[in-house]
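In the two assemblies presented below, chain A is common to both, partnered first by chain B and then by chain C.
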Partner chain A sequence: MNALEVKGLTKKYRDFTLSDISFSLPKGYIMGYVGQNGAGKTTTLCMIAHLLKGDAGVCSIDGLTYEKQPVQYREAIGYIGDKDGLVPDFTIGDVCSICRDFYPSFRADTFRAYVKKWKLPEKKKIKTFSRGMKVKLMFAEVLSRETKLLILDEATNGLDPVVRREILELLQDYISDGERSILFSTHILSDLEQIADYIFFIHNGKKVFFETKEELQEAYMLVKGGSGELRAPEKDCLIGVRESDVGFEALVRTDDAPCLPQGVLLEKPTVDQIVVHMIKDMEG
Partner chain B sequence: MRVFKCVKTDFRVTKNMSWFYLLFFAIVIAVTCFSREDISVFWGFMYMQFAGLVCATMPFFTGGGFLANLPVRQEERVCGRYLYGTLLMLLTAIVGGITMALRALIRGDVVLDDSTWPVIAVLLGIALVFMAAQFLIMYLFDIKNMQVLSLLRMVPAFVFFFGANGIAEEIETGTGGAPAVIAWGLEHPEAASLAVLGIGCLAVVVCAVISCVRERGRY
Partner chain C sequence: MKVILSNQSELPIYAQIREQIKEQITDGRIAEGTVLPSIRQLARDLGISVITTTRAYRELESEGFIASVQGKGSIVLKRDNKVLREQYQRQLQEHLDAAVQIAQKLSMKEEELIAALKERSIL
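Entry: the complex of A and B
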């Protein structure tokens, strides 16, 4: 059984449509969900977390569906959004009390241990916390109970590199038992470079690709060369060409690489480079 | 059980308003017990119900990922919200009653007698109708605009206060210009109080059911 099964998720707004998003995430893996602002990432994640009702499609988490088991479905999810979603006048004690009330698997001692480890102020109101402190508090909450799926919607945005590294280590630790998975939406593609196993790229509400990170990086190569090195026929096999006075940079399918002239430089692309060039290509 | 946990959570969300309640209570005590103006016996009660109506909608202003993600059915969340509102109105009614008793003790010119309780029941019933209507509008229209939300929070409370003030004046001074329904109520206080309180409770239940249906469809 997969950690997450998504089939045909669709949501229509006046100016935007999320169309037929489908994928499966096996247990013990991390999936990066990437796309530009307004591509439909948050809409997808909110529909999976059932914070938003879709027009079509079904989701299941470890075999649970919201329609049949709404309480267990929500218990299985640890959701952290880019807006902290915490009540500003709450203290850490309030968060702990509410979690104890609603989540049977919540362990207050584990929560307090995280709070102590990260030196979060227990008596102060959450509205006085920095962005990093709020994110740590939300992680303390989700990691102190049993979940099957972590949904992170740009949760590491605005964090300093030290905190972000700490969080990424926590995420790798989270999946290490092979039973839990993470769905991670972020603009910081270097984070996905480090930890993601799968990459789902969404653009204008539609799936562009869904592959393992290794397959993706093997399927494409980054091409660099001087301004005059390319002829028109060769340009046809390039994806998202970026030209400047000193040269060009583009993506090419590995299978099409032999068509290119000898002098160009070919290297393995990062996820960031693949996504950027694809966006440029789609937008003409 | 989760319904009661939702009630507890709503009270926790609004606990920072406790200073507001205390301030209201202090003002009401000061005005009703020590003012030289000849104000209605029921003024303290109506003022506390006004505070209750303003504060009952507080949880609608504090949405957010953490609370929205709690493992609760939508129906339980809605029922918990209406139960919270009803309990809050009952609490403010009890405090309002205490202000009336304090006034009777301190000024010695008012005696809480058998004619007082039907009026209190009528005022509470009307407040429950207003509370239920506020909540129903919040659920039906899923209002996000803060200015509209603020209007929805304050306008019913003021309408209740000034309307209830008019009713209380009519009861105490009997100008004879009251609408027929109020005149009937004055002649049959027990029946009127039971009827209005019953309508208030029914309004809460009906609005809660409609809100549950609406929220189920939304999620």
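Entry: the complex of A and C
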């Protein structure tokens, strides 16, 4: 059974439409939901977490639907957003007792262990916490109860590389038993890209592609060359060409690479580079 | 077992893992019967995706270096089996081809190349 199944999510706003988003994420895997600011990432994630009501579409988590089992559905999700949603005047003790009342599966001892491990100040109010501390607190909260799916909406924004690295390991621990999955959205891929199994790319509210990262990185190559080396027939197979006085850079389908003239440099692209050139290509 | 991944490498990540494990099985640093770390454990240790490590193991399996045994994990197979011999032979061919190509670049004569091989004392 898939950890998460999403079918036909649609939401119309006056100046933006999220249209017909569908995908499924198997158990034990990590999916990166990638797109520019305003592409529809948060809208999708909030609809899955049922923090936002859509116009159409169904989601199921491990077979549960919100329509049939709203409580279990909500409990199966651990959601961490860009904005923290923590009460500024609370202390860690307040957070702990609220969670204990709210979630039957919440384990205060696990929570305390995380607090200790990350040296979070127990006496201070949350409003005095740094961004890194707040994110860690949210992770402690979510990881101390039984969930099936983590939804992270730009959760690692504004964190220093050391903390990002720690979070990365945490995420890999989370999926290590092969039963739980993670859906994260981001516009900074570099580090999270490494651990993602699947990449979903959304642009202007529509799906551009949904593939395993392996397939994606094999399907495309990055091509660089001098500006004089660009000629008409080959130019057609280039995707999102960026030209300057000293040369050009573009994306090319690996199948088309043999048609390119000798002397151009071909490299394996990062997901970031694939996305950037595709956006350039779509926007002309 | 040792696996070191390089971002500068020409090889994709899964191939780097495959080649490094293969090398260590071939030269005996990983002994026959060794249980390799699980796919998920390796992904976590290297900070890479599960699909990547799955692919590396799958290829090692199809090339006859390891076998996955239900409930036990991935186990290193006997070194002197037929598949491995074929692997070595193919590797030898490739290196010989490369040596011949370089010899041609140096305009070496056949006898000179054979002499160079003989110096290596296995012939």
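We adopt the following convention: the second predicted complex is superposed on the first by the 284 of 284 C-alpha atoms of A that agree within 3 Å, B and C clash if a C-alpha of one lies under 4 Å from a C-alpha of the other, contacts with A are read in each partner's own complex, and residues count from 1 in each chain.
We take it that a contact is a pair of C-beta atoms (placed from the backbone, for glycine too) under 8 Å apart; a residue touches a chain by one contact, two chains touch by 3 or more.
These numbers come from a predicted model, not from an experiment.
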Problem set entry | Clash or fit (per the criteria above) of chain B with chain C on chain A | fit
Exercise. Now for A:Glu169: first (chain B), second (chain C), both, or neither, which partner does it touch?
Worked result: second
For this session: Have a look at where A:Gly81 lands relative to chain B and chain C in the superposition and call it first, second, both or neither.
Result: first
Exercise. With the two structures laid over each other on chain A, which partner does A:His277 touch: chain B (first), chain C (second), both, or neither?
Worked result: neither
Exercise. A:Pro70 contacts which: chain B (first), chain C (second), both, neither?
Worked result: first
Problem set entry | Superposition-derived comparison: chain B or chain C, residues of chain A touched | B
Problem set entry | Geometry of the superposed three-chain model: angle at chain A (Cα centres of chain B and chain C, steps of 10 degrees) | 150
Exercise. Of the two partner chains, chain B (first) and chain C (second), which one does A:Ile98 touch, if any: first, second, both, or neither?
Worked result: first
For this session: Go through the superposed model and pick first if A:Arg180 touches only chain B, second if only chain C, both, or neither.
Result: neither
Exercise. After superposition on the shared chain, which partner residues are touched by A:Arg145: those of chain B (first), chain C (second), both, or neither?
Worked result: neither
Seminar exercise, completed: Once superposed, chain B sits from chain C at a minimum Cα distance (Å) of 29
Seminar exercise, completed: Footprint intersection on chain A (chain B / chain C) at none
Problem set entry | chain C partner contacts - residues on chain A that touch it in the complex | 28-30, 168-169, 172-173, 175-178, 194-197, 212-214, 217-218, 268
For this session: Sort out for me which residues of chain B touch chain A in the complex.
Result: 2, 5, 8-9, 12-13, 15-16, 62, 64-74, 217-219
Seminar exercise, completed: The chain C residues in contact with chain A across the complex are 12, 14, 40-41, 43-44, 47-52, 55
Exercise. What residues on chain A touch chain B, complex-wise?
Worked result: 49-53, 70-75, 77, 79-81, 83-87, 89-90, 94-95, 97-98, 101-103, 138, 141
